[in-house]
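For reference, the structures are reproduced in the following blocks.
There are two complexes below, and they share subunit A, which is joined by subunit B in the first and by subunit C in the second.
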Partner chain A sequence: MTISPDPAAARIGATRWVTLLAVAALIVLPWLEADRFVLHVFSLIAIASIVAMGLQLLLGCSGQLSIGQAAFYGIGAYTSALLTTKLGLPFPLALLGAGIVAAVASLLMVPITRLTGAYLAVATLGFSIIVYLVIKNEEWLTGGSYGFISIPRAALFGFVLRDPMYSYYVNVGVAAIVYLTFVRIQGSRFGRAVNAIREDPDAARACGLRVTLLKSECFVIAAFVAGLAGSLYAHEVRYLAPNDFTFWKSIEILIMVVIGGVGSLAGAILGAAVVVGLPEFLRGIGDYRMLVFGAILIATMLFGEGGLAAICTTLGRRLGGLVTRLTPKPAGTNESVQ
Partner chain B sequence: MRTGSAHEPWLLEARSLTRRFGGLLAVDGVDLSVGRGSVHGLIGPNGAGKTTLLNLVAGVYGVSSGTLHFGARDITRYSTAKRARAGIRRTFQNLKLFGEMTALENVALGLHADTCSGFFDAVLGTPRHRREERDIRDRSMEALRFVGLGGIAAMRAGALAYGHRRLLEIARAIVARPALLLLDEPAAGLNVNEAAHVSELIARIRDAGTTVILVEHHMDVVMRVSDEITVLNYGRRLAHGTPTQIQEDPDVIEAYLGRSLENESAQA
Partner chain C sequence: MGSLGASQFVDLLVGGIAVGCVYSLVALGFAMIMRATSIIHFAQGELMMLGAMCGLTSLWLLPVLPLILVVAVGMVSSGIIAVMMELFVYRTLRRRRVPIMNIITATVGMSILCINAARIIWGSEPLRFPELFATTAYEFGGVRISPQLFWIMVMAVAIMGGLQLFLKLTRSGIAMQAVAQDPEAAQLMGANLTRMMAYTFAISGMMAGAAGIMLGSMFFAFFEMGFITGLKAFVAATLGGLGSIAGAMLGGILFGLIETFSTVFLSSAYKDAIGMILLIAILLVLPSGLVGLWQRRR
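This part shows the complex of A and B:
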């Protein structure tokens, strides 16, 4: 070996510690934080991070720019609402059903996975607009602009999760499962292939990879997790309106991935936390909050292409360097990442 | 990945292969027969159609007319990926590596078509997935050592020296032990020592059972390693034979050293 594996190994160790601290913080949070509204915001962040991780697979790994993820999110949300209210299905089945219906709907998009770049983006946007119009106009099914009301709370094994603390655990739990799933893909045969078609489609074809099939698989997986997120959203908020699923929602999801850092799974979660959490945090300044939000987006981009994930890594390394320089014995990390 | 039966005389047989780009006949009715276990050199002046012919064999371009047989199979209409899966692998003139991945991962992708575990295998960590990953790692390391890159498996492909990137591309192309390997100027930009290493490597690849088609400008490499040579000029086959025959062919000498101006305009 001509290079020493030590720095990489140290970084993996640090990542594991940060992950463990984050998990521990998320588990104890409901006991420390008495305010149920804060838990609700964390639930919304978890839900948003699920959609964002799906888009991360699509954009960051397979290199396909979709600005239509809100369509699958919306399909999942309405499917779950319909399955629980009209068919009386229990929540776990409705959750799964929402993912499956969104994934099946994404098969409609398979013919356009041959498109790339701006053409693909506009095609997905078109799909998003169609789904929005269906939600808005098919009143018999979706309630139209009046919205879909009286969606039941999430329930597990007949136990209704009335306290936001329990739904918080469900939402964060599903987000954690999605995160672990995507982590396992990285470094697997499937993950390598998906990265290869982004880096060089010609070389990938020369290796015998079915580029269009792999792109479609990513579309279906991203749609499935967006459907899951939609279902969780429906039962968290318990009221759906067409305006929750306009193309603006798709843009928001894209912002999460880009400011988090294209290609970084943890970045997608950070991005979701900023896009969902920051407006809540800035509520005090009223109408100026979107202005501040916009300014923060621009500032993040000014720091470079890596987004928040890269900024955190750099800060972590600087902090690590500082800690080792100041103390002879290394201390633990004192900041946890949500 | 062997194709066809032993009594098939040729591994690859192209009949009057033609490719037109607008008004230009880049490849014009070329016949090419490549014997099993041989190294077949493809030479000619710049713009003679060598790379176009290679791309026709690899499936990057469709043929305008003509047929292409690989063993007993008619592959004229096969896509690039399907040809790769059938056992035709290639390298690129302008290096196409997955720059953000490690050298080992680059080679591992060459085995993608040989393995089958997918999304669910990776997520669930099935025994098949673990077995295949181990197998992929072992075979990829073996291919890296074969080309002489055993020591840099963990390095990012984009950070490698130019000569190493050339070798890495070859490792990725041969890891699945293809029946046919297409090398598009593998010695381009290499110094004399590195070029000599590449010719020695091509000979070892042939000896390991892979047939090679070699497009190359380094004449010493082509002459040293080729069993047979086809010379192209203006998209047509100019000559065909052993390296010695080619070196003595008056047409070839004329094509390389130039001809009188009247003949040039008569040709056009």
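This part shows the complex of A and C:
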């Protein structure tokens, strides 16, 4: 017992195992559960988790509260729909284009990243209401209240992904890429700088960080991934209506992040799963489902401070503790390996 | 647009101010809660909706109820609901010192809860209020004003004036202001923090309830009415300067006027967008709202 095992290393190891297990489960899922609807719901969860991760970067890392992410999501969705139907672009290009257009739209809003707290929240809210009204009223472009119909399915290299299983893989795949990229971002110099800004903007500025620029970059990145998610949504559902991109959507995205745990990327995914999946799961109780959803939301805030991510970590640690306590220890195997 | 006659202009002005009064009342609640707890209370619009629904229910039960009592019922029921929210949820959250984002999310949960409870209780059809006001227009020096709008303005001004008097003249009012400014110092001076927070929510709820009756009698009462009105009131509170009571009143009336006039002069489809563009512009120039401008001048 000379060297105790490094708890941080153990945790990283555990996280890696959990991630691997999750990836394996996601790959195997379509083969086990062939139901189209379940796969569709999983696709929607993957799409929602992409937007949620974007907001996580914005709120959890740089501390900026945006309640207008649905605007960029909507811009992405309609851009992708327009690019594929009007210009006949292939899906991968439309996906990229959706992200880029959403990011460019967010550049319009970059001046507001100087605002903080509730003021920033109101400004993003205002922007999302403007975008919603444009979508609803410009019928020549977006189909207005009638909706945007006959959006083609996603296709890769001329191969149309007709089976929900394939579109499931595309959606989950993009979500995974975004997740991995964000994990890298969090650990990078940029990620650490952004964290410093959230902790104390003045101190960060004093250390020579360009606070406003970094905050704007987070804003643009979050908008870019929201655009990607919008594009995936457009080709998954293949029908867009303005009501999909109201202020409620922004609130939903915010709920995903907070219920999952502010600051945790995996939490954002968990939150997306809960917010998208739970109402589907509660469909059986009809009118009461949103009532129950609201109650669950309040209860989560009351009983789980760090959101689902923290609850899971605590559970995992307890479970881990239990396992180590229960497994008989042959003398000096566990501790001295280090 | 020169085709607009003077009387039409007055009509618009009065309509805008009346709607603005409703926004002001809801915005006041936002501002008071923001000042005391620095949370954005997303269920504020729902308090308004519940006030309208409760007032309407009291009218169904007792159709002879005079206007003033209907408003009282709306105010009391919304006030009680707001205090219950505070006592059962927000207070607990604050005691646990959870991050502010979690409390704000809990208020969103509260809003979802209220909307869906109202839909189950009152149904999803828009409900029309019975005629509460005289129908013949009042004349003031040749200018005709609908009694409904007139009384809405009178009531709103009376309620906001009453609130100002309460905050300035009573011990509880002064203690509330003190708690909002510095909770710890106020507590050391003998202010009861828990009670003052409950008062804050009670007053915010009452303002919202009164607004609900007014808005419901102007248009309809239905389960989703609170959401968009709440948002607009929140914007109005920000426009005035968050957490400032005078700012919230001013912002509300200004927002009502902007909305009404832009509907007529610019575009009815984009009436909400114009308010928002103005909001973003104002925030960029004056990050602390209109009150900030006034304070800077002094």
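Definition applied: the second predicted complex is superposed on the first by the 322 of 338 C-alpha atoms of A that agree within 3 Å, B and C clash if a C-alpha of one lies under 4 Å from a C-alpha of the other, contacts with A are read in each partner's own complex, and residues count from 1 in each chain.
To be clear about the criterion, contacts are C-beta pairs under 8 Å (C-beta built on N, C-alpha and C of every residue); 3 or more make two chains touch, one makes a residue touch a chain.
Just so it is clear, the model here is predicted, and its values are computed rather than measured.
Using the contact criterion defined above for the overlaid structures, shared-chain residue A:211 touches subunit B, although it does not reach subunit C.
Once the two structures are overlaid, the count of subunit A residues touched is higher for C than for its counterpart among subunit B and subunit C.
In the superposed model, A:294 lies in contact with subunit C only, and not with subunit B. In the superposition on chain A, no contact is made by A:281 with either subunit B or subunit C. In the superposed model, A:196 makes contact with subunit B only, not with subunit C.
When the shared chain is aligned, subunit C comes close enough to touch A:259, but subunit B does not. Shared contact residues on subunit A (touching subunit B in one structure, subunit C in the other): none found. Across the complex, subunit C is touched by residues 59, 65, 111-112, 114-115, 118-119, 121-123, 125-127, 129-130, 133-134, 136-137, 247, 251, 254-255, 258-259, 262, 287-288, 290-291, 293-298, 301-302, 305, 307 of subunit A. If you check the complex, the residues on subunit A that touch subunit B are 1-3, 5, 181, 184-185, 188-193, 195-196, 199-200, 202-211, 217, 221.
Listed in rising order, the residues of subunit B touching subunit A in the complex are 58, 60, 79-82, 84-85, 89-90, 92, 96-101, 105, 108-110, 112-113, 115, 117-119, 121-123, 125, 129, 132-133, 136, 151-155, 172-173, 176. By the touch criterion stated above, subunit C contacts subunit A in their complex at residues 34, 40, 42, 89, 92-93, 96, 98-99, 101-106, 108-117, 119-120, 231, 234-235, 238, 242, 269-270, 272-273, 275-277, 279-280, 283-284, 287.
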